[in-house]
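Chains here go by letter, A, B, C and D, matching the order in which they are written, and residues are numbered from 1 within each.
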Amino acid sequence: MDLKNINISKSLIPENYLRLAIEAQKFKETEFRELIEKRKLPKNGWSDSHIEELVRQLSALDSNNLPKKVGVGEREARIACSLVARRHYNFGHGVGRSGDLLEAQPKAAGSTLMVNLTNYLLLDLIHEMGVRSCRCCFLAPLATAGLIPVIIEPQLNDNGSMSTNLEAFAQKVTDIGTENILCLCTTTSCFAPRQCDDIVEVSKLAAQHSLPHLVNNAYGLHSAYLTHQLEQAQRLGRLDLFVQSTDKNLLVPVGGAIIAGFDEQLVRSVAKAYPGRASSTQTLDVFMTLLSLGRMGYMRLVKERKENFEYLLARLHGFAKIHSEQVIESKCNPISLALSLKQFRNAGFEEITKFGSMLYTRGVSGARVVAVGDDRKIEGYEFLNWGTHHSRTEYAYLTIAAGLGITKVEIDNFFVKLHECWEAFLKRLKK
Amino acid sequence: MDLKNINISKSLIPENYLRLAIEAQKFKETEFRELIEKRKLPKNGWSDSHIEELVRQLSALDSNNLPKKVGVGEREARIACSLVARRHYNFGHGVGRSGDLLEAQPKAAGSTLMVNLTNYLLLDLIHEMGVRSCRCCFLAPLATAGLIPVIIEPQLNDNGSMSTNLEAFAQKVTDIGTENILCLCTTTSCFAPRQCDDIVEVSKLAAQHSLPHLVNNAYGLHSAYLTHQLEQAQRLGRLDLFVQSTDKNLLVPVGGAIIAGFDEQLVRSVAKAYPGRASSTQTLDVFMTLLSLGRMGYMRLVKERKENFEYLLARLHGFAKIHSEQVIESKCNPISLALSLKQFRNAGFEEITKFGSMLYTRGVSGARVVAVGDDRKIEGYEFLNWGTHHSRTEYAYLTIAAGLGITKVEIDNFFVKLHECWEAFLKRLKK
Amino acid sequence: MDLKNINISKSLIPENYLRLAIEAQKFKETEFRELIEKRKLPKNGWSDSHIEELVRQLSALDSNNLPKKVGVGEREARIACSLVARRHYNFGHGVGRSGDLLEAQPKAAGSTLMVNLTNYLLLDLIHEMGVRSCRCCFLAPLATAGLIPVIIEPQLNDNGSMSTNLEAFAQKVTDIGTENILCLCTTTSCFAPRQCDDIVEVSKLAAQHSLPHLVNNAYGLHSAYLTHQLEQAQRLGRLDLFVQSTDKNLLVPVGGAIIAGFDEQLVRSVAKAYPGRASSTQTLDVFMTLLSLGRMGYMRLVKERKENFEYLLARLHGFAKIHSEQVIESKCNPISLALSLKQFRNAGFEEITKFGSMLYTRGVSGARVVAVGDDRKIEGYEFLNWGTHHSRTEYAYLTIAAGLGITKVEIDNFFVKLHECWEAFLKRLKK
Amino acid sequence: MDLKNINISKSLIPENYLRLAIEAQKFKETEFRELIEKRKLPKNGWSDSHIEELVRQLSALDSNNLPKKVGVGEREARIACSLVARRHYNFGHGVGRSGDLLEAQPKAAGSTLMVNLTNYLLLDLIHEMGVRSCRCCFLAPLATAGLIPVIIEPQLNDNGSMSTNLEAFAQKVTDIGTENILCLCTTTSCFAPRQCDDIVEVSKLAAQHSLPHLVNNAYGLHSAYLTHQLEQAQRLGRLDLFVQSTDKNLLVPVGGAIIAGFDEQLVRSVAKAYPGRASSTQTLDVFMTLLSLGRMGYMRLVKERKENFEYLLARLHGFAKIHSEQVIESKCNPISLALSLKQFRNAGFEEITKFGSMLYTRGVSGARVVAVGDDRKIEGYEFLNWGTHHSRTEYAYLTIAAGLGITKVEIDNFFVKLHECWEAFLKRLKK
């Protein structure tokens, strides 16, 4: 509704008030126009009402929401339950066309616009977080599928931390032969005491052998340390694609992945391999969240998380000292931390996992007790001390993480409960 | 967001799809413009999403929702609880200024526009329902207040129905003296067996004595029969104002009244007498409801109600015949019906009201058992057989109504339950 | 849904997870039970989802929401527009019965419970804010109506502030005669430079003459200074009722008043005088807001406002010094402030009000420019310098207020804009 | 909130009203309990408020919504944007654990319950629709992925319809060798003039060669004709899995598939192959929709669609007769229809597709103009007359479908616009 184009009777509103109203509309229109024209994250987060207005206006452009539509196809985005229609803002057509997630959807002009805009905003965010060379990215409404993996065990360092075994990596490439390798896969973010893989060196290896290199950057987009590794890897070697979850990096419900790379054609070819049309719900979540946070809001979250990680680290060192345990140093892991549980050494595997249950029933989620002694065979591979990241892990440990959105209050409460459980568990062991 | 004014990259949306999107916007804009320019009820009801978009755009014009506002007054429509803000679409300023409900509100351009637009739509509806001479009306967020009443008992007809006692009316005017009378008050819609007052004749009496005449048209706006009486009364005599509830006539939550009349100055002077600024919530409900129904939707409700009344009347006659009771004829009451309860005559007042409780605990609401024998004194007046409309009522009766929105299924279920209770109550009486 | 009472197949959820789920339910149930049993403000605010769950459960108890209902009355709380039903959480019956706001509503068990609970929570809040002797209060969905006022001009102090002219008050009581006076009316919160009335002394006067005393405590409930006056006035003299707006004291949309007093019967008799059933929407807003804030949340708002008032006062003194104006001292007004506009003295009344418009078009709302020279006659009374609170006001001033919810950022922005306008207006005057 | 367990003061609600309120709660609790205990579609659809209450109660059981939670993991279902949290009812954890969609999710007891319940309700629906032998099914939040296809062109019948070329099928199996075939794939629902594959005969072939048989039942679940084929195929031959979209069969937004089969272990093994945790949003949509429709509501939709298909067929025959075209008979296709466009034969491929554009710009979506002459090579396969289903198609045709949810009004409007476009296009061709 553009008040400037409507002939409004003075009996509805006095002229001077109308002028103020038109002024109010102008600001909003400018905000919408700039977003669409610049295709960049807004500096400051938008209000809920602005976000919803844009989303509703986009949804109104999809054919299922046209006022005089006649639908005689087999897929017309009819929605039976009004609650479902409402929670999806009447978006029903999904994204892409069969077999290409990025192709425009003829019945869904608004969805198409939203999808493409979201991908531009994500690219802007990736740049802002430090991967300046990234050229293209898109949001896929699922996690990526696997192929036949060849696993290279990390190197177990003296202090208990684990890092990339580069020699083993290089040896394996030679052993198998580059012609039999689809790509090298590395991981940035993972549970301590495992560290971020040495993706720079693996990149060099990839370049040397002309092998594609895919990085699982699961929850690493919000860490400037990890995005710096990505940028360096791409500059000094070969890194083709890096993939990250939306839930952990953008605080949306589980279900989407951002697939990004340094060559537009390559990224687009991944989009083309998608099996069919996809849900647009993950896109909508990411779109609304990015507008809600804005650049400043996201950077504030990033900064707070880093500070909370330092705080968690300091408190964990304090706890370790008092209880004669140690924080297993994993200097290249800026998110997850591990505390040794050497004192529980005599308890068996089953018994030690109960320490985890004690924490969980007190409301602590995300803390994992990793015990030694669980040997498993999965798809032909044998894993000794499964879950510990290494076959030769000697003692149990507890991992915790300072993920995006964690608060200082949560950390304080965690140590209250950790203390309680620690005392209770020691008593229990003594019996 | 006006797509025509935005420079949209082809990487966001292909040009041919964009053209379709712009076309889609145009329809909506036309709908908004026509409403505001014509100030008439739309012919067909709007979709929920169109209604909400208009409401949100109006609310965005109020000063509390301006993006860069600075509020240093004592009333700034700040809303603490986000749920409250959400359910009011961020409207917070109420309507009117102290002491005049219809004055524009400087801090609330959007609210002002909505209030005035709603009053125009209501006037259009009143015309459509048959009161063509009505010149002005407004929505007040409360019921009207009383003064010192002089009560004129209706005339009890042979068949048990009650109608206006015109002679008593005229006599009372003479007895009291016109100089001591503020106005004559009549009622159109009320519980059967009372009929609609003979407002045409009372209007003539009012004209003859130059006395103002106020009609309580509580739930009569949706009955063409009653609105015809209003129009006739105004043409043939004097009728100043008629007042009706919004809940029963427009199916909104309880809390508003439409005050209407034939002289704009008179109606406006009532608006000026309102004690302070008022809530805009009732206006918002009425505004959304009128847009949702449209002229056609409201007329369909009116028609269905009339048909359901005929059906209820026929079924009630059937029930009366089988159980040897009678439908007390009140031919001038097109909404409410009464069924005699002569067979329960020997039960006392307390006992008979239990028949009503039986119905209520079976989910029947709105059916009232009116027993004789409750004599009360209220503000100096003595009422024999209080609740029956008449001091000489001889037997109990049951009143039911076919109000706007009633369904045939409800009527069918009612008779199932009435039958059950009737049998059970007779058994109980026999014990 | 009480998981403990449902026989849940293990194929739906493993037993150990079910135990955790049952634990989660227990906390919520306790919260609900304590609220209803204790009828006190919760210490900490509730989450949105807990508030909405309670509200929906209450609404489900009203007869219009019963699953198998049969409605054959003329008022059945049918709601035509689903958007309206949704925003009212399906509450439709309003509160009270005709003529008594506090009477239970038979068709609306849930509404009745909510209304009574809200009134208890408000009483608890009034106690918490300092009026410990208050015995009863209720929320009315409108402002209070007026009677024939006798106006007693305040005393104009040397520094430009205005306070209660107690002598004139006492003299007027003697002149008119107590038998001709319904009650004494005083005001606590009002625009500076007027101060809070000396309600303690007026209370003594009221006690001495056995006259009822009503205090308009418009936006004074959130000021401990003003509530202390109320408590003292009641202890040392006679104070019957005090009335306050909900919008300014509880940050809800405009439209409700809290009527409170020290004698339960008196307060209830006011509720009985209400003309008809009323909207429940104001109650719902207050109920949700109180639960959302909790005691701690409200007290934090109160504290922040007081600090922001001090900050506003300090900045205003700074501004006054630089521009050779003065803050008109009104030490008994803890909310509103006035700045002299002596330099604009030569501009006429019309011209000076343009200074206010300049501020408003820059987004400043709530700042009022009060100029001398507007003489009016209202309902027989002559007001010289209308709007200035006094007939002998000598120069224009600007009033601003630090109301509940104001932020430091708003104050800072205000001074930026005040400075801009000041410079621009002085230039304009020089032309 | 269980009113029976709360000690409620009579000052909050009179005892007799409280009894009614408790009665009202009981009905709702029964509905919830029966759903969870019986795990069957409710007979009648639930009201929106009952659906939302259940959904919210389930969501409250997930760990991210626990009131006193401490989250120190890397995935804690924190949601940044309150609009996103709201539209997902605070569900954030997704479904399944890495690599198994059906495994219970420890942090999400409520989600787990919802997922399993939804799968039971879907199984009940599949039974109700006629596939009585189906043993297990689950909802996957994406479409299924493809493998290397071997395409068997359908047989082109004399009347222009196309059906399964069984001989070619059998020949191909022999040619390739069963050891080189993963499974046989057939399709039930597709664009006319292609018919439903003869899945019964292909099933016999599959049984004979011990080959798995997968049916793409895209939008066939709502057709009793097609589900009957499925049931027969399974009884008389071998049919392992059948897969269908949720959007077209259940009227939810695009994005989910129901994977169903006759052997529980087989279906579960598909769930285990899912690459990672998945979004729960498609489950939530389906869950709410099934409760909203109930068995009766769904069956009403099915019946209406069938009637509308008959109506569309009759009208299309009428149109064909008048314009000397023919409805291409495809008696085994109960959803989609084709109209020959022989008169446009002289127009080229590009030109004919414009007829489709004309319809689309008039608001007709879903009607496809299929022209001959588009030869393509996709992944090594050559397709002559791509899009027409057959290399030897001789003339263009128009396909339309009567999908679930279509209305008679849409069909009527379609023929108005078809007529308009037909006349306009003929004129254009003559130029």
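Here are a few things to note about the model shown:
The criterion applied here is as follows: a contact is a pair of C-beta atoms (placed from the backbone, for glycine too) under 8 Å apart; a residue touches a chain by one contact, two chains touch by 3 or more.
These numbers come from a predicted model, not from an experiment.
Chain centres computed from CA atoms place A at the largest separation from chain B. Should one ask which of B-C and A-B has more C-beta pairs in contact, the pair is B-C. Distance between chain centres (mean CA atoms), chain B to chain D: 45 Å. Work out the mean CA point of chain B and of chain C, and you get 30 Å between them.
With centres defined as mean CA coordinates, chain B is found 54 Å away from chain A.
In chain D, the positions touching at least two other chains are 20, 52, 63, 66, 68, 82, 106, 360. Within the complex formed with chain A, the residues of chain C that make contact are 20, 23, 82, 360-361. Within the complex formed with chain B, the chain A residues making contact are 1-2, 5-9, 11-14, 17-18, 20-21, 24-25, 27-29, 31-33, 36-37, 39, 47, 49, 52-54, 56-57, 59-61, 63, 65-68, 90, 104, 106, 109-110, 112-113, 116-117, 120.
Contacts from chain D toward chain A in the complex involve residues 48, 51-52, 63, 66, 68-84, 87-89, 91-94, 106-107, 141-146, 189, 191, 218-219, 247-248, 250-256, 275-282, 285, 288-289, 292-293, 301, 312, 335-336, 360, 362-368, 400-406, 410-411, 413-414, 417.
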